[in-house]
Structures are given as structure tokens and as C-alpha cells.
Amino acid sequence: MKVAFIGLGNMGGPMVRNLLKAGHDVAVHDLDAHAVSEAVKAGAAPALSPKVAVQGVDVVMTMLPAAQHVRTVLAADNGVFEGIARGITIIDSSTIDPASAKAFAGLAAERGVTFVDAPVSGGTGGAAAGTLTFMVGASAESYAHVKPVLSAMGKNIVHCGETGTGQVAKICNNLILGITMAGVAEAMSLGERLGIDPAVLAGIVNTSTGRCWSSEAYNPFPGLVDAAPSSRGYTGGFGTDLMLKDLGLASDAAKLARQPVFLGALAQQLYQAMSANGDGKLDFSAVIKLYRKD
Amino acid sequence: MKVAFIGLGNMGGPMVRNLLKAGHDVAVHDLDAHAVSEAVKAGAAPALSPKVAVQGVDVVMTMLPAAQHVRTVLAADNGVFEGIARGITIIDSSTIDPASAKAFAGLAAERGVTFVDAPVSGGTGGAAAGTLTFMVGASAESYAHVKPVLSAMGKNIVHCGETGTGQVAKICNNLILGITMAGVAEAMSLGERLGIDPAVLAGIVNTSTGRCWSSEAYNPFPGLVDAAPSSRGYTGGFGTDLMLKDLGLASDAAKLARQPVFLGALAQQLYQAMSANGDGKLDFSAVIKLYRKD
Amino acid sequence: MKVAFIGLGNMGGPMVRNLLKAGHDVAVHDLDAHAVSEAVKAGAAPALSPKVAVQGVDVVMTMLPAAQHVRTVLAADNGVFEGIARGITIIDSSTIDPASAKAFAGLAAERGVTFVDAPVSGGTGGAAAGTLTFMVGASAESYAHVKPVLSAMGKNIVHCGETGTGQVAKICNNLILGITMAGVAEAMSLGERLGIDPAVLAGIVNTSTGRCWSSEAYNPFPGLVDAAPSSRGYTGGFGTDLMLKDLGLASDAAKLARQPVFLGALAQQLYQAMSANGDGKLDFSAVIKLYRKD
Amino acid sequence: MKVAFIGLGNMGGPMVRNLLKAGHDVAVHDLDAHAVSEAVKAGAAPALSPKVAVQGVDVVMTMLPAAQHVRTVLAADNGVFEGIARGITIIDSSTIDPASAKAFAGLAAERGVTFVDAPVSGGTGGAAAGTLTFMVGASAESYAHVKPVLSAMGKNIVHCGETGTGQVAKICNNLILGITMAGVAEAMSLGERLGIDPAVLAGIVNTSTGRCWSSEAYNPFPGLVDAAPSSRGYTGGFGTDLMLKDLGLASDAAKLARQPVFLGALAQQLYQAMSANGDGKLDFSAVIKLYRKD
């Protein structure tokens, strides 16, 4: 297949390499010339604008920081909409708010183009290994169409429902994640203060009703899980500022829907306090630093 | 072994039956004559007071609603301390605050008696089936001593550390549980409002970083997990007022330790709002009713 | 002076009447023809577009629901920027985020135009009576320039600092307001539940360290303050959805600034819960309904 | 009148001096010999136990740290109940939970004694100046009886209702205080971050709907109110650990009453975080340190 890929950051770069490995023909565009030249070395064809990149392709992928960038790439001068043919599908793997995803789908439809939201989980490690999870918001037909392309980059390609539901799945999962991580940090710190060995406490929680990904795979207490950022000074992993972005999308979507998110809003403030303390680049599990001294 | 068991409620009753089945000799006491007569039918010997019950036994067990009841049973007139011999061990399986557990251990030590805290998880189902988890706070020696007795009533007998740490483990686990359940309720309700199929959302969460016992085994959204209270009108299970008791113990212990529990304190208020709404007897997963109309 | 006024809603309508009463010459524009004809009856001149309205005026005023409307009125086709002369000042009395206010000032400056933010407090009553408070973000020179115009509509014209600080003052004040009102609701409900006469409690609070505008002038407990919405079924006053808008602006500004607003974020969720319950149109003091049955 | 006064701490000491100045005959008791000798120098008669102190007096006053101390002073060996005559009134000015106050009243009634709760506001300054506010929970008859005694020590003697309502008034007022102070800290810090002059912001808030005792008389932002602890490094004033005690009483009373206190519980955690940071002895307005760097 001929694929245009726009957005060659920490995620987009390795995703393109996996598309190329799978035998796809990939035209790439990014504002960062270095990122483009890396992709070209891997076999991609450079394009000077989104408009140029999308000409003659079967499918377009975008992987961008926020909704405003997606809007620009699609609708600004020399954007995707100026070059794309009717009937083609755009797959946006950026994490953005569901309302914007629906709005972009509407703009695309006016041009006879299909827009599919397909945010990912799995991080840069999953992008490199080709083991991402894609949460796809699309009609059944569009889902069937995009699945083979996405399979080159991911292991789980989940159909979430109509357009926008991919984003809904992503932000709802990360809403739980942001809450449970802070909750585990709170309980591990309390336990330590009350005199229980943190390793013993984690062992009990992980075989009991408190067990969760944040306690088992990614425990924020230092030294309990070798592979977790907490065992290497909270470096790498999923940055606090990225968690803040996702909780912000969740609380914004909740505001629009007039739906309370009590714990999510409070968790957001906790990560915001971390960011205010200068820890925004640390892995989000460093939220435990709000509760205990090192 | 000869065991005295004081407190024959929903938990204590079936625990005594499992002790008897395992061949132990059990003397029982409770203020409720009916509960005593049920235990007697199962083979226990009735005692008119804790003082009488503990005479000549090898080990004493207590299973009571709150610390004040434990204090009365131990130290009031005709209480355990009046009848117990030096060298005997008291196992308290009530869920109480760690500070009280330590205080009771101190009072016991003054009498040459050992006090072990061993709160349980597993609920009335686990009590009946003999599959409880016991979280034991005791010296290594005392742990070795009580383990065979507890094995008659439970499947996992976990040594948490010194006296009081059994209670610490229990309240820290349930602190996480109270937070994650409300967090899952929040995210499931938000997802529903934003248009994703709740079953699809739960499926994604359960294979992703949001997964937790509250989403997998006990999802609060009705109809997703057959065995969960959410699929039977939030009846049975773990009552909201019991969760409130445990979160109260956690926030009280945190207050004493000058340790913040931001999310725990907020979760406590959410369950309190449920209780104020008259839903205190429902399973705690009914917290989702604060977020969505049925 | 010759004034263009764009936005003739519940606030803008009466503000125009006060400008006319003060002898100003006013050209008006609104998408709602009825609102325009009411202003025309009062003596204003109708204009078919912002572009037309601003031609030849000394000052331009805008009073619109949100930043997106201000952007459209200023920068869209037939907008203010197409018709305004260099050197003229735009006064925006909409409540919007400080960052947008600064961005609009930047766009205006590119055209040799001054943009001043001047959000108001005092509600529709103050707009009708000409007793609004204007919180003005402007250079000292611009403040001196706009003060006489604003004085026709308001009693207190406060200079808050440079552009954007008018909005900062507004959202910070309303952040406190949203928190204190919910706090007073919480304490009044707790007091009632614990058996104190609410009137006695309010009397004590109002002469003690708990006193605040929300307890004195606007107590949410029904029947204590005759003039307050709580004494007329929470009708009139400051709608919950408007409070939600302002708390949303505050928490968004805090998010951008990486500044935690723990209580503000939680208060926002409380009002959001009210709105979810269908009470978004009630006065915001109806937040007490989350705490007590009528 | 002949008064017994038990509890000669930072508050009780100066209160006794004012009783003596007003011509009362005062017998005092405290575990701290130095505090007793200071009172004796001022003219009081020392007593070796509460039992001895209360013999032959017209009224008994207690001013103690917490409910457990009141219980001991009243009901332990050599306590008040052993020495007090039928018909005498005990005035307890300690700040304790309303349920304990009612329980003590019940114990007193069994002995033909009247128990009145009369917690104070005004701090050590008010105690020294004799300008305390007493919040009195008592029957109308008892209130009339104790008012003249209290007038020697305070300026406002407020009748709150039946026994226990004095404590209810105190904790409800301080619940609002704890919330508004943190809310003002939050908004002042946000405003500073967003570029408004804190003095200007405080001026606007204090003439608008955000005004409250915490912004006007006791603004937590340093340098705005000369007489406030924020202008002297948060020393003196009302200690964070005392605020924590009162918020703890409020949240405990709310828990018993099954009444949610969302903001109060969160505010409590904020002060707890301060205390965990080692700032428990600072004035409670130092909560602003959680939001901004000095």
C-alpha cells in the first residue's frame, strides 16, 4: 500500500520504520528536517508539505502532539485536504479530544474523505517493537480497511465503535491509570509510614482486591519492580506532562458532557503540583514524591 | 487444639464452623444467644463470658465490629484478661486501627499474653468456604504458632511484619480498593456519556494500563461481570458502610501519622454521600450511581 | 463619544442603554435581530456587521459569551479588524481566558489598534442599574482613555494592571467565590444535621472567622437571607452553568500555568454534578442540594 | 462566685487571671506544677486533684486539649465527679466533638450535675484580653446561669442551642475557615502566577464576591496585611496542627452523621501535607506554601 505519514516524532518515527519493514511505500512529512532525513534513510520518500505527501496514496496517517496541530495539517494552506483524493481514509493516531475527532471527521466527509481516530497505547517502546495497541473509532467498513495497515505497527487493533470512540477509550483508560497510580502512591506511602515493609505490602495488594497495573507492573515505590521507572529514578516511561495532557483531555470532555470526574480532577491537580515542582519530565509514577521524602 | 472464639457474627459464625471441621475444640461467646446456639449446634461449647471462654484454652480468637468492642472483650469485667493464662496467644481478626492493635498488644504483654492482629479479606463467602486471607502482624515465632489454627479458616496466611502490620496491610489495600472502584465508576460513566459501548471500554481497560480488580472482577457498570454485585442490583458483596469504615480507619491512621491521603479522603466522601443518600447497605460498587442515572 | 457595541445579550442590552443615557452615540450589532431592534428603540444605530459598526467610532465595545465569539467578531470576514481605524481602542467586557485576551491584544497591535480587557461583575442587575464593576487590564494610558466610557455603565472602574489582568482578577475572584459557596453549603448542612439552628449558625459564622460574602449576603441555606436566591427557590442570581464556565477558565489557566488548584478543581466537579443532575440553570448557591434534602 | 478551673494551658492560664480580676474565687488544678504556681501567684488556690478543686464551688470550668482529657478529668479516680455536689454546673471550654459533649452531659446528669459546652474563639490574644467569644450549648436556664461567669473572660457569649451545639458552631465555623483560607491561598497564588499584582488582586476580592475573613483580615499572601501572620513568617496566629485538629473533629462528626464534607476533607489533607512537610507549628495561612515558592 502507498501510505502518507505526517508527524515523525518519538512515536511517528519508529511507526514509519515498521510500515516500511512491512513492505509499504511511505511518503513522509514533518517540520523537523532531521526527522525527515532519518525516515528517508530508512526508505521513506520525503514530501515538502502534507498536500504533496498525500497525493496518490491509499491511506494517510497523522501522529501529532495535539488537536490544533491536526487541524493545521489537515486544513491549513498546503494541508492534507488540498491534496487528498476522494474516497481515501485518514487515520489519526494523535491523542486528542473526542469532539475534535468528530469535527475533523465532519470536515473530511465534506470532501468525500473518511477520518478514523486511532490513538495508541504502548509508548515509544511499543512503537519501536511494533506492539502498539490501536484504539480505533470507525465504521465497521473503515475498520476493516485500516486494520491491515495498523497491524504493521501494532499487536492489538481494537474496534471501539464509531468515530471518536477510539479517543474516548484512550482517555477513559488513562483517567483510571492517573487515579490508580496516585492511589497506589498514597497507600504505599501510608503503609511505609505505618511500619510495614513496602515489598510485603505490594505483595499483599497484588494478590488482593487492591491489585492494579500501577501496583503490579509499575509500582511507584522505588526498588519493588525492576523494570519500572521507579527503580531508575523515575526516568523514561510515561512523562508526568503527558499524563497531565491526557487527564486534561478527560476533564475537558467531562466538562463538555456535564459529567463529574471528582477523582480525576483531583489527580490532575496532583500531577500539576508535580509539574509546578519542576518534575513534569519525570515518569508519572514520581507522583509518590508528593507523599514521601526520598 | 482448644480454641476460644469470641464474636459470632456474619464472619465469626462460619469461621467457628471451619475450626470445628478441622477438629479443634471450640468454646464460644457472643452477646447474641441465637448466634451462640447456632455454634453449639455445630459442636461448640458455650461460655457465659469471655473470662469463662478462655479458661484452659491454647489460643483465643476475637472477631468483632470495632476497636471499642475488642477493648471491652479484653479488658472489661469478666473479660479475656481476667481468665486467660500466661503464655497464651490472642488472635484478633477484627479490622481495627493499627494504633489500637499495638495498644492491645501492650496490655496483653503486661499479663504475659501475646496479642496478634490478623484481619481478613475474602468476605462472608471466604469465611464460609474457609478460603480467607489472613494478614498477620506478629513476631516470627508467634506467626509460626498461629498459622496452623488460621489455616483451618483460610487459604493464604500472610506474615506482614510485627504487631499492627496486619491491620496496616488491610487498610492500605482497602484504601487502594476504595479509590480504584470510584475511579473505574468515574471512567465507565464518562465513557458511556461520550458514546462508547461500556463492554468494549471495559475490555480495553482490562487489557491495558487501567486494569485493576475493580474493573476486571468487580466492574461497577451493570451487566458486565455476571458474578459481580453490579449485575444483581448491587446486593450482597462488600457493603458501602463497611468500605466507609475501612476508609475511615485509613484516614484516621493517616491523620495520626501526619500523612496526606488526598484521593482516599475524597473517595471516603463519595461513599459518605452514597450513605447519606440511603445507599449505605448496597455494595460499594454502587458508587457509580453518583455518576450516572440507572 | 461615538461607540460601537457588539453583543446585545442579557448584559450588553442594558449596558448600551446606559451608554445612550450618558449621551454617547452608539452603533450596535448582534446576530439576534430582536436584540438589535430593542437597542434601536432606545436610540442606537443598527449595523449589519461588526465591520460596518466600527467605522468612524472612537471606541469599540464587545460583550460576548466566550473567547471563540470574540475571535470571530474581531477577525472573521466582515469583522472588527476589517473596519476599524488605526489608533482606536477595543474594550472587551466578555469573560474569557487571560491567554486569549493577550492573543487578541497582539492581533490588534498588528493593526495599530489597542485591545483592553474589562470583564465585569455585578450581573444583569448591575448592568441595568449602571453599577457594574469593571476590572480593566490595560496600560495606564489606555486605562485613562477608557475610564470615562466605562463610567457610564459602572460604579467601580478598577485598573488591574497590563492587558489580561482584568481577566485574571475576574477568574481569581470567582475561583474563591465558587469554593467559599460550596464550603458554606457544606458547613451549613453539617450544622443542620448535627442539630444547630441554621439561623443561629449563620449568625455566629458571620461574626467570626468563617464570615464571607457567601455566608453573609448570599447564604445558600433557604430562608436566611431574604434577598438571596436561596429564599426564592434558587431562581435568578448567578447560574450554575455560568459559575462552571468561570471555574473552567480558572482551572484551564491554572493548567497552562502548571499551578495546582486543588479546591477549585473539586468545586468545579461539584457544580458539574449539579449540572448533570439538571440543575445547571439554578443559582449556583443551589450547590447545597448536593448536601441536604429539601 | 467560687469557681474551680481545671486546665491551665495557653488558654486556661489567662482565663483564670481574668476570672480573678473580676473578683471570683478560683481553685485551680493542672498536672503542670509550674502552671499551677503561676495561677497561685495571680491569686488562685491550688488543688491537688479535680476532686478536691470542685469541692464547695458554684461552678466548674474545664479547658483541656481533647475529649479524652475531659473524660479523665471528669470520670477518673479523684476526678470531678467524685467531688462535685448535686446541682452544680460544669462548663467545658475545650474544643471536642459534639457527640462526646452530649455523652459527658449524660454522665453528669446521672449525678444531678449540669454539663454545658462552651468552646471559644479568639485565641490566646482573646484569652489574655478577656475578649473571647463563647459558643454555648445549654438549656436557656443554664445559659442564663453561666453567662455572668463567662462574661469575665469574653465579650460575646452566644447561646447556640441545646448541649453540644456550642461544639457544632465551633467546628462548622472552622470548617468554613479551613476551606476559605486554602481557597484564598489557591487564588492568590494563581493570580500571582498569571501576572496580577497580589495587592491589587486582594483589593478587588475584598470589595467583591470573593471577600472573606481569610482575604481581608488574614490574607495568606505575605506582606498584604500587616497584622497577619503572613507578614511575620507565619509565626504566631492559629497553628496548622490546631486547624488540623478542628477539621478532624468536623470530618469525624460528618462521618458519624453520614454527611459528606468534600471540600473540608480535601482541605484537611492540604493541612496534613503541610504538617508532613514539617510546617505544623506555622500559622495555618502558611498553606499558601503548598502553592507557591517563597
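Note that the chains are named A, B, C and D in the order they appear, and that numbering of residues resets to 1 at the start of each chain.
Methods note: contacts are C-beta pairs under 8 Å (C-beta built on N, C-alpha and C of every residue); 3 or more make two chains touch, one makes a residue touch a chain.
It should be emphasised that the depicted structure is a prediction, and the values quoted were computed from it without experimental measurement.
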item: Contact distance in steps, from subunit A to subunit C; value: 1
item: Chain separated most widely from subunit C, comparing mean CA positions; value: B
item: Separation of subunit B from subunit D, taking each centre as the mean of its C-alpha atoms, in whole Å; value: 37
item: CA centroid of subunit B to CA centroid of subunit C, Å; value: 52
item: Inter-chain centre distance, subunit C versus subunit D - centres from mean C-alpha coordinates, in Å; value: 39
item: Sites on subunit C at which at least two other chains make contact; value: 254, 259-262, 266, 270, 273, 290
item: Contact footprint of subunit A on subunit B as seen in their complex; value: 98, 121, 133, 135, 156, 158-162, 164-165, 168-169, 172-177, 179-180, 182-184, 186-191, 193-197, 200-201, 203-205, 207-215, 218, 250, 253-254, 257, 259-264, 266-267, 270, 290-291
item: In the complex with subunit A, residue positions of subunit C that touch it; value: 244, 248, 251, 254-255, 258-262, 265-266, 268-270, 272-273, 275-276, 280
